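Each of the two complexes below includes subunit A, the first together with subunit B, the second together with subunit C.
This part shows the complex of A and B:
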């Protein structure tokens, strides 16, 4: 009796009012109605999906203001061959000769067509794999819990952001005229995760000694990779070609390049040594 | 009218519509508003709002038309009310499954596509997003986990939600044409089927030996290959199958972790 009275109460008092306001949008869209039968839940689902569509449109409009989606798409225009070659370069950069990025009428060519162009697929996948491998490594030490995954993820992310900010700041202070964008710097900072993952996985499989050796190898590789890539972007043309150019500006830029490259092995060790015990 | 009418009297007011003054429930009167919805706020707003909206999914303009009908207690919420709204006979309505969008033939086709990872897929099967199949598979996965004593429905749903979101972002960035979230969720849900096989293995034997690692790795590979194959054919991405398969493998790897440990 009470239930039917209650439903009648809801019917009569609210239906008209809510129906007459076409623009009324209650804030809570999804909720279970345990007591009501199926047509009601279908209606609730239809309402929920319409609310979701509205929310999605709103988000799409605002997202473009903060994150430039079309620029990001350039960094994800990769294919399997490129990723394979790039991973090989990250682990063994000694044989590669031409490090210049190709341009096509002032626009850098998509990473698909030029192995020297930076991309964001490898750093993103590297970051996520690093978190999962860290979880695995902590699991083998019997220290795993889902919260710890979140802690690892957020601390690695914060270190990444700080590194990019530090590089941006130093680039600003040294007043380098370069076409390196923030996303490029993010990509370069993210390449070290590949070496970290290789080190940790080999360390988990074969022991601490193998971890140290592989990490050493990957650190050296990423150091050379960064120097050779950044040299072309930061230094003036003649210095980049290897000729000795005197002058404090070039020296400063050289030091900056070496500092950025040297920071990579430091981070690589810092973020992985606690994973392999 | 203020907030002083006792509950019993309030009920009787609502049961007699001619006495009931509709204008007194307008937005402009905050007291009235507060009074009416103070006790049954969660139910009222949501319950009643969903009814007119749902009836009017064909068109929002029908909202106005229905308010009068909902208003009368004789035509209040009953299951047959929907039929009276359509003003048609019972036979004219489309069959229930078609109305709900559940097409068993397509579900079976998609399941077969998942089960044959090496056979090329038809890109058009993903045109209609169907979440009924994936829901069933998620529930079945949770149920097989339950059989081995792990009550982890929450983790399954949470990880699938996060994974679907991540794949949605990645695929939108990587493909020329965009992809909708429902399509991503649908594909990832269908490709969960081999994972159900893995967890049912886990019920019978432990998966932590060498044999278990091999089986787990092959099932993760199976799931991610089918998922990437369907994505590639539906989104016309060339030369990127392994690139799409890798994040899928990460996602299914997490599911495998749940079923193994």
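This part shows the complex of A and C:
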């Protein structure tokens, strides 16, 4: 049952499973020979593989209690076309019209089929690239040392965690009934790394003025992106369609959306201004 | 601005301690944030103040005992490693 859900998210490229299992036996003489002539080693191989499978299942079951691995798999089910389109959306969201996420029987469709779905691949890769670019930028200022990479990484991670916790707290206080999970919030908070990397790289290549201009462009793009994405998830139906709905609750929700979107440019500037001097 | 994960944990521990030392009778009731003063709205709109009061009360109820352990561990670590 796990293989059939995995095949909906990922393509099964493990065609060589059966061949590799037989080749793991330590044979003194023959290398490519399957080796079924020796019953003792055959028995040992079968026992060893069953033990390994049991151990793997036990570890998976225990790990699944702490980190929801099956839910995480959904966020990494991306392909190149999706990544390209999403990166384009993050830098230029002004022409995109339909921001709704498609659902398929109450489950959101995997990111590779819907460009509006949040994923964790781009934030993870963006975070790692940001650390590498920060190391490069600090190297051009002659301030680089390997410990500094670790310091940058943990600082950026701490700010990310604090931002997600602050958003969770404010969502709880305003009692928004939304289907945004914590991982979704983590994904949305991680999308700003793309803009930061673009700004820093252009600033390193062409100077401070280009850094400020490109950062301004990316900040505006992320602001519009966040507002258009969060509007559908946080606001009520009629308010999301653009009509002005009065009432303190809708106003609060609107302020919350604006605050979350406005925090992104602040973080983008705060985390990169010391890199381009 | 050199944060590490450990300083985040310390900051969170200090915040939770701050919420846990708020006394019911001496402080929360005086400023109108007591437990018995909040059960007003049964409608679908609790409001921010009610949510905050519920949050404070839940944190105090849940985290009383684990905080003893976590604080002791943190004190020992600080004494040993500075």
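Assorted remarks:
The definition used in the following text is that the second predicted complex is superposed on the first by the 215 of 277 C-alpha atoms of A that agree within 3 Å, B and C clash if a C-alpha of one lies under 4 Å from a C-alpha of the other, contacts with A are read in each partner's own complex, and residues count from 1 in each chain.
Definition applied: a residue touches a chain if its C-beta (ideal position, glycine included) is under 8 Å from a C-beta of that chain, and two chains touch if they have at least 3 such contacts.
Only a predicted model underlies this, so the values are computations on that prediction, with no experimental measurement involved.
Looking at the shared chain after the overlay, A:174 reaches subunit C, while subunit B stays out of its contact range. Of the two partner chains placed by the overlay, only subunit B lies in contact with A:42; subunit C stays clear of it. In the superposition on chain A, A:102 contacts neither subunit B nor subunit C.
Contact with subunit C, but none with subunit B, is seen for A:158 once the two complexes are overlaid on the shared chain. Of the two partner chains placed by superposition, only subunit B is touched by A:73; subunit C is not. In the superposed model, A:139 lies in contact with subunit B only, and not with subunit C. When the two complexes are overlaid, the chain among subunit B and subunit C that reaches more residues of subunit A is B. When both complexes are overlaid on chain A, the residue A:62 reaches neither subunit B nor subunit C. By the touch criterion defined above, A:249 reaches subunit C but does not reach subunit B. Residues of subunit A that touch subunit B in their complex: 5-22, 24, 26, 28, 31, 33, 36-37, 39-40, 42-44, 46-47, 50, 56, 69, 72-73, 76-81, 83, 121, 124-125, 128-129, 132, 139. Put simply, subunit B touches subunit A in their complex at residues 10-11, 14-15, 17, 20, 22, 25-27, 36-37, 40, 42-55, 57, 60, 63-64, 66-68, 70-71, 73, 76-77, 79, 82, 100, 166, 170, 173-174, 181, 238-243, 246-247, 250, 253-254, 261.
Looking at the complex, you find that subunit A touches subunit C at residues 151, 154-155, 157-159, 161-162, 172-175, 249, 252, 274. Per the touch definition, subunit C reaches subunit A in the complex via residues 1-5, 7-8, 45-46, 48, 51-52, 55.
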